[in-house]
Structures are given as structure tokens and as C-alpha cells.
Amino acid sequence: MTLLDHLFIVVFSCLIAISVVRNLPIVDKLAPVLYGLILIMLVRMASVAYGGDAYLSSFSLDLLGFKMHWQFTALSWYFAIITLVAALASAVFMSGDWGRQYREGGGNYGMLQLALIVNVFSMILLLGSGDLLSLFIGWEFVSWASFLMMVLSPSKLAKKSAVKYIVYAMTGAMALMVAIVMIYAVNDSLEFEQISIVFAQMSGSSQVALVLLLFVAFAIKMGLLPFHLWQAVAYAETPGPGAAFLGAISSRMGMFTIVLVIVQFIGLGGLKSVGTSFANMQTLLAWVAALTTIIPTYIALQQHDAKRLLAWHGVGQGGYMLLGIIMFDSIGSAGGLMHVLNHASYQAALFMTVVAVMYRTGTSDLNKLGGLVTQMPLTFLVMLIGIIGLAGLPPMNGFVSKWLVYRSLLVNGQPLLFVAAVLGTLGTILSVYKLIHNTFLGQLRLEHQNVREVPWSMLVPMLGLSVIVFITGFMPGLILPWIASVQESVGLPVIAHHLGGIEYAKGGLDMIWVSGILFYGFGVGALIFYFLGGKSKRVHQYDNYAGGHFLTSDVRYHYSNNFYPGLMHLIGTWYRGSFQWLENSIVSVMSFFSVFFENIYRAKQPVMLLLIGVVLALLALYRNLGVGA
Amino acid sequence: MNSLVLLMVLPLFAAFIIPVVAKFSSKLALFTGPVVLCINLLLIMSAWVKVGSGAHAIFLGGFLPPVGIVFYIDHFSLLFSGLIASMVLIVWPWDAKESRLYSLYMLLSAASFGLALSADLFNLYVFYELLAVATYGIIAKQKNSSATAASLRYLFISSAGSVMLLLGIAIIYTLTGTLNIAHLATMTENLHGFAGLSAFALIAIGAGVKAEMFPVNSWVAEVYGTIPRQLSALLAGLISKLAVVLIIKMLLMVFQVQAAFDLLLVVGMLGVISGEMVAWRAKDMIRMLSFSSIAHLGVLFIALSIGGSKGLWLAIAIMLHHLLVKGGLFLMADRFSGHFDKLKGLAHHSPMSAAVFLVFILSLLGVPPLPGFWIKMALVMNLAELGGGLYYLAIGVILLATIIETAYMFNLVQTMYLKADADSTPLNKRYSASYTFAKLFALLLLVSMVFVSPISKRLKDIANHSANPQIYIHTVLPARYLGEKS
Amino acid sequence: MTKYSALLFISGLVFLLMVITGLLPIFSDSHTPMLVGKAILEGAKDQVGAANVVTSVVLGYRGLDTLGELSILFAAASVVGLVLTKSSFNKAASANNDKHDHHDSGFVAVNAIDLIFPLLLVVGMYIITHGHLTPGGGFQGGVVLAVAFSMLVIVRPRRASINHGMVSIIESFAGVSFILIGVIALFKGQSFLQPLLSHGEFGSLWSAGTLPLLYLAVGLKVGAELAGLLLALNSDEVVD
Amino acid sequence: MNHFFTVEGILYFGAISLSIIGLFGLLVSKNLFRLLLSLVLFEAGANLVLVLSGFIRNGIAPIFLDGNSGAVMNDPVPQALVLTAIVIGVGVQALALSLIFRVKKHYGSMDMRTIRSKLEREIAENAGVTPPGSNEAPAPVKLIEGENS
Amino acid sequence: MIWVVTVVVFIMLAAALAVLFLPNMIAAVVASAVVSLCLTVIFAVLKAPDVAMTEAAIGAGLSSLILAIGLKRLGYWKTDSIDKVKAGERHD
């Protein structure tokens, strides 16, 4: 029994335990403990993240002649630890008051708990996969587990979007299946190593097909560009902490498989060999990534629902990860990988703040909120830290990973991609400002006069996550060893690192210095302010004026409807509905064929079909065989 | 061993005496059929043990083949016999008042047993016709007159198909001078020309009418739309498979050639695509299930086109899976007919049935670790091993069909889990036996999920054994025919 | 439109069938291989003992086909009865009590039928009992019997002399005895439908073992089946 | 060609033509009764083909009579098969006729197409949906109902 | 012999076409009986006396009887041609 076996056993027992007690009150106490337990199991396996050997499962399955086994590499461990921290935070968050309110609102709390553990289980299964078949099974598990979580929300829209999601997910799974079949058909083996072996043997067009199929499969899960339509709505409609969990990590499983399959086994050489010298697969993927950073971000800008805004950012940030990893150099891939953790931490924190606001006010509509900073200061703090991370500003962790990506793009001579990435960041900054402004700043609405800070059961995970956001931003060296092991295990160049950041020939980064200077600057500013008199006057939120008019409390001076109208007007025509059009046209084509076949089945004289069938079959045979003596 | 012919004879006997018995006691007539089927089940079990890994031939009338009719008994035919007996038991018309209906059911099962066991081409045709006539009768006997019209339309296309089948048999007989399948298997070179393969095409398409093969299955929606769901479960779950068994016998023993495989592959692919496409537009459960059934028979034909024992074991697995899933879904549909909108909130009225429904659907879609996944996986991998454009296309078609299927199936599931409108209560909420059987099917499905490996191994053994023409020939034919080449 | 496309495909089929026909052995060498046929022609005398080889095949070599065929007729008759009458339990005997006014057919028909009825009976029975010797047999004789009885009813609907219950008992009895004759062999350790009894003198009425008995059963069964069928078709009890 | 104008050539031609005429009738007739007649023709043609498969030039009937011990006999098997097929055919024919009676009574029409459309409508009504292909049918169910993004 | 067969075959085919195209149903049924009779002759020529007898008894006799009953029950027992039959009961 290896540690990996223990991990599987523990996770599976947790699944059983929670499914048994899910409707009892004790599940609130038990679930966090169990996630803690799994986390401890992972910590015991931490050696793999510091350059140790991968763990192999001691058992394997032989079903129908297909062998399946499991393994846990640095890559798996890295994604697993993110998953578990996110799950732990979500579990703590939903236990207690939030859960009570959810139950009272008619939600099925037990199912939510179950869905969470099922998600964790399936993700561990996917992360631990040791060959293509176990990968596929884990992949399907993850898809269906996410579906289970999405479909919990009672709203009709949620169910619709969940169905939409599952159709996309099945498309991805089937693309993956075809890719696996292509690999299997050559050497009758499903080991990962076969990917590179087979890829080298394939003809050019098969290579293109294989890479595209794999990419489609993973891109759908990750919500990369042509397949991004499902994600935001589905995540946004998932019940509170579920959304935080899914938004943080679920779609990153696509990233995991991209690293595992495309980066590790096809590699830069493989990608470059496909296509022309002008536009090879690497270029294509890079541009997909770049567009993914831009377009969903600007769609996010348009949203007026806080959860949906965040969810669209989740889609957009995936682009950075791919952009980093696709550069295949030490800093770029480190940036891409690190962004997974960073994004998970602040995205979960941000979703939780939004859910906390919903918990108190009952809405996440940005047009109906405002001025909550006085009522919910800690939540505000968490959101502040979160959006700084999301926007990629120092001293939070988002800055580190994005810096690495930018750096890599510049070093690799990709100025256009760099501009695209910066454009994406610009949109992010604009929209997160909209988020925090419309939620916490400005005027408090009358109906929210009595809103209080959320209870500690919800604050603790939020604060914990924001601490992670800050600490990993302040001292990225804490996690850079993990990244380095991952890079080593998947065969990428390894990044040189220290506690404060990275060492790099063309200019390193030391976040301790950066943050120090930043705080020093703040300190100096504060000192100057106080030494210059420190005159400030505390006024009531309503004690304000705009344009020379005193406003009464029922008139709002800050506007939230139609934020950034000029910008929207400028860019709106560029992306409005174009992908939706694609989706609809696929549906139309399907309908056309469907009606066509329906009319065949409604044939007035069925015997005619018999005749046609016989004649065509005989003709085909006649052409095939001829009339040899 | 000779007594195994009773499998087919006992139901016939029962069918003949039921009208007379009914004159004395209608209760007795009602119970005759189930008793006979139970006896048959016992017979099958004992034969299963006795046959072991071998095969056995019954020479009817004591005439050695090829002159006489032969019943060929191995695990494949016994497996089907068992399914027939159980399935007819499940859908036995307990509440019917007509003794002749019991007779028809008995005739139906006798014909099915005959189709499963017989190794003589014309004898298969006779049983096929008997099956057809009994089916028309059972369909036409339903209370609504639209069932009669559906039955009539079915009769026309099915009879035309039978004539095609007969033409095929005539061609084969003219070419070879024999009807015994084992004997035919020894002289395949006579049959692998254009004329022989045309005969196969005629047989495949003629029998394809019952097997819901692509161009000749327009009856499916009409018939399933008018008859009770239990009967649909029987027709879709079992009867369609028996027609496939006829095709399998010809294909595996006599026509193991690429042209025949290609034919099945093409009709299979067209069936899959057309079925799924039309099911996608369906707005009521029965229509959806009907076309989904067509699509799955298409998958079955694709599996058969792999050929040999691989194709056969996949085909058996698909048939068993489809029997459980589609049979179960039709049995469930007894409770949930009607427009999809009326199913809104069903999951709240009856969470159990929604869960059972979900199990069926997930297995149908091939979600791991349900059996459907393994079957789909094995099928796709086997197709990939064969390679070649058409086979790759078939993989694409199967997977595309899965996506379409997900779309429509989950549209329905989504509706079921929606909050119910105040006034919508799902139809047919009453308890029904078929629902119990559907639950049983779901349970079987889950159990087989656990035992996927041993079951598949067993099926592979059966298929290895049954798809081997040499075993077939050596079991059936006397020694003096073995060396003979036409 | 339908007609033209039908013609198109039909002509395609004609062409293909012609090609297939051209490939048949009868058009290249002398005749079909006839493997089974030869074996039967050689062995029929000893194995079955009927002068009419077709009868040997129908009842001996391919007896099961015949049983299946009887079952099909039985099924068809059952279906016709099911579809066209209300209930087979209590309506069996009352098929003739119609609300409709049924006229006898004209004098000529009635008397002609009366006249030839016994003749038909005799002919039918003769064809049945000599099935193993001469062309004809249970099917043909059965049809004659059926026509004889049903004509009797058809020309004189009101004074019909056929009892439906009787018909169904005869058909059951005949079918059952066919099966029983087959099963007896099974009990003797032989195969189902194996010919029993001694072959007797070849070419005489009492020859060919159980074959005449089987043909008698077939004849009765076919006669009863078809008579029932004709009567059911002719009765006016179509109900929805 | 030299084989064609022989007895069996002519008969094969006749058999195929008979089948084809029957098939053509099945395709173009609207009247149920005529469809039934066409089916009978179709079957008759197939039966003839089957009998022809056992035909030997100069063969005699497969009956052992005193005088014919030396002659070549026709194949008895196809004859037995056709015997069976003919009886099956007549059974199906009677069955079809009884169904026609009932259909006529219910729908009041003998036109296959009318019956088909009425049947289609009935099925749809039973299922509680609009019949396929009808004008009032709503737009097809969207695969995915996406909202504006 | 061959001429006999040819003539019979052509009579049969003509009768078969008549079955399809004669407007009067009684005539169509009679034509189908003619087809059966021709078949009987052909079977006899083919040295298949059993089949010939069966075809005569069943095809020409019983089948025609059944169809005749059908004619009566379906209201086609009239000598009118198609022109006089009401719309809605067209024969073709």
C-alpha cells in the first residue's frame, strides 16, 4: 500500500461518510474535518512537490483488456492541494449560518455537501490518473460531478445552463475519446508514453487532428475561446460556495490535462512541427489564449451581476495560464502554473465575498447594491485584496504570475501577445473596480441599513484565503519549489527561485523588495499626510453632494447602471453575439438534418424505403464485387 | 439433450390447448403460459450447465444434417432463450380477458425460441413469419383502433421484407442446394460472389424490418406510439434482437466478408444518425425512446460489422445492455407518458423513479463506470483497431450521436427536476408492476457495473465459441460432409 | 412523383435481379447443386417410406416447418377472431346471431352446395389420406374441407350448422395430436418428430409410418383453422 | 443469351416480373385492398423463384411410382418450402384483410395516405404533442438555450 | 412446350397488371385468381404437382374466396367502374 492508495481510500471513505450523513446536522462539523484529513494526507505526500519521486498506486485494474493504473506526480499534487484548500474553504464557508439559510430557502443542503465531496473525489481520481483510460474516466467523472453541483440550484436558468454545460462537456469528452482512440489504434496501448511515440509516427494531417481534438477536449473544460459560452453562466448559477469551488478549480482540470498531455508528451517540438512555419500549433494556441484573456474579460465588464462578472473573469484568466504555459520556457510556464493557484485563491475569496453579500442582502445585482463598506468592513477587505490579486497588481499573488507571463512574452519576442495580455489586464482592472465600487462604495441603500457583517463561519475561510493571496504574493518562494518540481516532472525548463521570487538572467523579481517598497511608500505617504496636519473629517455616507446639489437619501449619487458607457459603445460591436451566432447556427444545421430524417421516417409509403434500401445495397455490392464468374 | 426441443414445442402446445382450456377455466388458461415459461426457464438452466463450454445439435426427426432441420444449442442460443422466457414473463398480459391473446403470446415465445435455436435457413424464415404474425395480432388487439392501423402498416412493410427474405433464401438455395447454415458455412466460396452477397443483403434488409434497420424502420414510431409500453419494451427490447440473431447467424457463419460488413456498417451509421436526430426533436417520451431505440440498433449493426468473435461479443453486450436500458425505459414510460412539459416536477413527486430513470440514461450515454461506458469504449477501440475510413467514420458517428443524445436526454432530465407547476401532476401515478420491473432492470444494470470484468469475460467466451464456424460445422454436420467443398 | 421514383428504383431492381439471375448456376452449367435434394431422393424411401417425396420432406425431413406453418395459420385465425369479434370467451357459439338480416343465397347456390358438400368432404378426406402417395395432402385436403364447411354457412347464414366451439376444439385437438406424435418419439429416446411405426409396404395406404397420421392432423387443423377464419371474416361483428 | 430463351429463362423472367409488378403495386397503390392484392402478387413471384430453384430440365415429379425408378427427379425440397410459403401467405392475407376491415370501420377510408395522416395525428394526440410536420408545430427545441453573452 | 410456357407467362403478367390497374375491384380479384391459375399451370409444367395442387386450392380457391368476402364486406361488390364510385372511396 503506497501513500497514493491511502489517499484514494481516505477520499473514498470521506465520500461514503458524507453521503451517509449528508442530511444530518453533524455534516457541518464533519465535512471540514474530513477535508482537513485529506489535506493532511496530501501533506504527507508533499515530498513529491519537492523533487521526490512520483507515487504509484499499488493496484491496477484490468477491465476488458484495458489496464488502468494511477500515479501521483508533482503536477497532480500541485493541483490536488489547490483543490483541497478550495474545498476546505468552501466547506467551512457553507457550514453554519450560510447552510442554514440555504436550507431555509428550500435548497438541498445535503446534496450540496455531497456534490462537493463528489467533485473532490473525481478530481483526485483525475489528477491521479496514470494512463489514458483512467484519465478519460476521471475526466468524465469531473464533468458529471460539476454538472451535479450546477444542477442543484432550483432556478430554471441554472438547470438550462447546466444542460448546456453537459452538452459541451460531452462534446469535449467525445473529442478526448477520439483522440485516445487515435492513439490506441496505432500501438494498442493506452499508456501516456504512447502519446509521444504515436505522435512521432503519425502523418501530418493526423497530427493536426490529434492536437486539435485534444485541444478541443481540454479547451471546453477550461472555457477557452470558441468554447467559452457555457462556463460563466453555469458557474454563476451554482449555489454560493459551490460557485466558489467550481470557479476556483474545476475548470483548471483542463489546464491540468493540457500540461499533462500536450505540454508533457507532445511538447514544444511536437506543436511546432504541426502546421506551417508561419502558423504552427504553438502560435495558434497562444493566440487562442490571448483572445481568451481579452474577450471574456470585456464581456465581464458588461455584466451587472457580481457572480457572473466574476465567472467571466474566471474564463478570461484561463487565457493567462495557457499563454504562460504555451511559451514553454521556465518563467512563462512557471507563471502559467502559478496563476492556477493564485487564481484559485483570489477567485474563491471573491466568490465568497459576493456570496456573503448575497447572504446579507439577498442580491448580487450590482445595480441594487452599494455603500456596504461600513456595514461589512471585513468582507470589503477581503474583496479588496481579492480584486488587487485579480487585477494583477502588487503586492498580491496575481501580480507575480502575471509578471512572469508578461516577462516571458517579452523575452520570447511576442510583443503582440504581450499587448493582448495587457489589454486583458486593463479590462480586468476596469471591471473589478466596477465590482467593488458598486458593491461596497458609494451610497448605502435604504433597505440595507440593517445589514451586518457576516458570521465568523463565513469570514474565516474568506480571511484565510485572502491571507494566502497576500502571503503567496509577498513570498512567492513558498510555492515556487512546487512549480519547479512540476516543471521538472513534465520536462520543462526549471525556474530558479528564492523566497522572494525568481532569479532570471534578464531581470529577476523579488516580491519582498517590491512589497517592501510599496509599503514603504504607503508609510511615507501616511506620515506626510499626518505631519501635514492630518485633517480629515468623518462624514455620513449621505452627507454628500454632487454637482452643487445636495441629495437626499433616496437619490443615489453614484451610478451603477450602464457603467463605462463610452467604452461599451466603442467595443460592443466587436464581440456581441458572434460566438452565440456560431452556437445557434450549429443548432440550425442540426435542426435541418433532423427535419430531413424525420421526413424520411414519415414516408408515405414505407415499402418505398425498403425498395430504395435494397436497390442501393445491391448496387453498392455490384460496384464492389462486379459480376466475376 | 434432445428434450431441449421442448423449449419451442411446449409453448406451441400451450398455444394450441389454451383456447380449449379457456372453455373450462379462464384462470387456468391465464396461468398456462407463465407455467410453461417457467418450465422453459428451468430447462434452459439445466441445459446451460449440461452444454458447458461445448455445443450440441438436435437433429429433428432424427435426420442427419444437412437433410433435416437442426437446432443448434450453445450458450449464445441458450442466453437468448433465457431472455425470451424472462421477458415474456415480465410482459405477460395478466389483465387481458382474451384467451386467444394468451395463445398469441405463447406463439410469439415459441417463434422466438425457434429463432434462437434453429440452424436451418428456411426454418428460421418460418419462425420469423410466425413471430411476425403473432406480433401483428398482439399489436392489433390493443383497445385503440389506431393500433390496428399501425399494425396494418407494419404488416405491409414487414411482409414485403419477408418476401425479400424469401428471395434471398431462394437465391442461396439455388446457388448451393442446401439450407443448413453449417452446410452453407462449408461452401462459402459459392456464396461470396455478387449473387451470394445480394442474397445476404436481401436477407439482412428483409429481416432488418423487424430489427429496426435504417431505411425500413418507419413503422417504429407508429407502432410504439400506439401500443402499451410493456409491449414496446418487448418489441424494442427483445423481438428486434431476434431478427438481429437471424442476421448474425448468416453473417458470422456464412458471410464473413468485408462487403457484408460494410453493408451493415453503413446502415448502422445511418440508423444511428437518423435515429438520434429525430429523437432530438421529439417532444414526448415514447417518440423519443422509439427513435433512440433505432439509433441503438444502429450501434448494434456497427458492432456486428467488426465481424468475428469480437463483433459478436460486442453485439451480445450491446443487445443485453439495450434490453435492460430500453426495456427498462419503456417500462418506466408506462408512468410518464405525454408531453415533456407534463413531466415537470416529476423528481419531486417521485424521486426514486427519477433516479432510476437517470441510471438508465447515464448508462445509455456511456458514463463511467456504468456498463454502457465499457461497451462504448470497447466498441470504439475495436473499431479503431480495424482502421480504415468507414470504421473511423463510424467512431465519429457514434460519438457524435452520444453528444446529441446527451442534449435531448438531459433536456428531459432538466424538466423532470424543475419545480412543478401547481397544477401539473405527472400522469399515471398509479403503482404498476412494470415500474417494479424497471427498478429490477436498473438494479441489474448496477450489479453488472460491479461485475463488468467477469461478465465481459463470460460473454467473450460465449462469443468466441459461437462465432467460430468450425465448431458450428463440426457439431452439426456428420463427418462425411466435413471435407466436402461443394 | 411517387410513381416516377418508384419506376426508377423498380427498374434498378429489375436490372439487378436480372444480373443475379444470370449468375445462377442454372444459366451457366446444367442445374443447381441440389445437395440436400439428392440426399433426400436417395434416402427418402428407406428413411421415411412415403412414395411422394414432397410429403416425406414436408412431414419428415422438414416436419418442424410444417408445425411452424400450422402455428402461423393458427395465429392468423386467432388474430382474425380477436380482431373481428368481441370476446372469444362467451361469444364463441353466438357468431351467427346477428342483428343484421341475413338472406340465404339463392336457390341454385343453396342446393348446389348441399349437393356437392358430401362430394367435397370425400374428396378432401381422400386427398388428405393419400397425401403420402400422390400429390396433395393435408393442406390441400384441409382447404377443401374448410371450403366445404364454410360454403355451407355462407350460403345459409341463418341456419348455420357449424359450432365455433367445435371448430376450436378440433383445431386444438389436431394441433395437439401433431405435437404429441412428435413428442412420443422424444419419450422413446429419439428426436422430436422422428417417424415412428413401421414403414409398411411401400406405396400402399398404410405405409410411411406416422406420416398419414400427421397429415390427418394437418388436414384437420388446416380445415378447422381455415373454416374458422372464413367464418370470422364473414361474420359481421366488427367492433371497435 | 442462348440460355435465356429456354423454359427456365422465360419462367425466371416471369417470376421476376410478377414480383416486380407486385412491388410496384405496393408502391403506387393507395387503396388498402389493392395493396393487399399487390402483396399477394409479390409473394407469388417469390414462390415461383423458389420453385424454379429446384427445377431440372427433363426432371420428373418427385414421386416414386412404379415406372419411374430410373428417371431424374426434381428437387423436392423447394417444393416443400413453397408449400409452406403459400400457406403462410394465405394466413397473412386473411390477417391483413381482417385488419383492413377494422381500419375501414374506424377511419371510414381505404386510402393509405389518409389513414397515415390520421394515424399520425392520433399518435400525437395520445402523446399530447402536436403532430410532426404540422404547420402549427412550434419551432424545434433548441439544443442549448443560450442567453445573451 | 416452351411456347406454352411463354404464353402462360404472358397471360399471367397481363393478369397481374390488370390486378393493379383495373378500376373495378371484382375484376381485380378475378385477375388475381387468373394469376394463380397461370401459376398452377406453371407449377405443373415444372413437375411440382404438390405445389400446383396447393396453388390451385389455396391461391385460386381459398385466397379468392377470402378476397371475395373482403369485397363484400368492404362494399366493393358492385359492377360499377371507378367513375361512379363516390369520392373518398376511390380505388386507386
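The chains carry the letters A, B, C, D and E, assigned in the order they are written, with residues numbered from 1 in each.
Everything that follows uses one rule, which is that contacts are C-beta pairs under 8 Å (C-beta built on N, C-alpha and C of every residue); 3 or more make two chains touch, one makes a residue touch a chain.
Because the structure is a prediction, the values reported are computed rather than measured.
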For chain A and chain E, the contact-path distance works out to 2
Which chains are shared contacts of chain B and chain E? C, D
Give me the set of chains touching chain B intersected with the set touching chain D. A, C
Which chain lies at the heart of the structure, taking centres as C-alpha averages? B
By C-beta contact count, C-E versus A-C, the higher one is C-E
In whole angstrom, what separates the CA-based centres of chain B and chain C? 30
Chain A and chain B, separation of their C-alpha mean positions in angstrom: 45
Hey, how far is the Cα centre of chain D from the one of chain E, in Å? 16
How many angstrom lie between the CA centroids of chain C and chain D, rounded to a whole number? 20
Would you please write down the residue numbers of chain E that are in contact with two or more other chains? 48-50, 54, 58, 62, 66, 69-70, 73
Going through chain C residue by residue, note those that touch at least 2 other chains and give them in order. 2, 6, 10, 13, 16, 19-20, 23-24, 26, 32, 34, 36-37, 40, 52, 54, 61-62, 65, 68-69, 72, 75-76, 79, 83, 135, 139, 229, 233, 240
Would you pick out the residues of chain D that each touch at least 2 other chains? 19, 23-24, 26-28, 47, 52-55, 61-63, 75, 77-81, 83-84, 87-88, 91-92, 94-95, 97, 99-102, 105-106, 112, 116, 120, 132, 140, 143-144
Interchain pairs in contact, sorted by label: A-B, A-C, A-D, B-C, B-D, C-D, C-E, D-E
What residues on chain D touch chain C, complex-wise? 3-4, 8-9, 12, 16, 19-20, 23-24, 27-28, 52-57, 61-66, 73, 75-81, 83-84, 87-88, 91-92, 94-95, 97-99, 101-102, 105-106
Residue ranges of chain A touching chain D (in the complex, touch as defined): 157, 160-161, 163-164, 167, 229, 232-233, 299, 577, 579-580, 583-584, 586-587, 590-591, 594-595, 598-599, 602, 604-605, 607-608, 611
Along chain C, where are the residues that touch chain D in the complex? 2-3, 6-7, 10, 13-14, 17-18, 21, 24, 26-27, 30-32, 34, 36-37, 40-41, 44-45, 51-54, 56-58, 61-62, 65-66, 68-69, 72-73, 75-77, 79-80, 83-84, 134-135, 139, 202-203, 222, 229, 232-233, 238, 240
Residue positions on chain A within touch of chain C in the complex are 604-605, 608, 611-612, 614-615, 618-619, 622, 627, 629
Within the complex, chain A is touched by chain D residues 23, 26-27, 112-113, 116, 120, 132-133, 140, 142-149
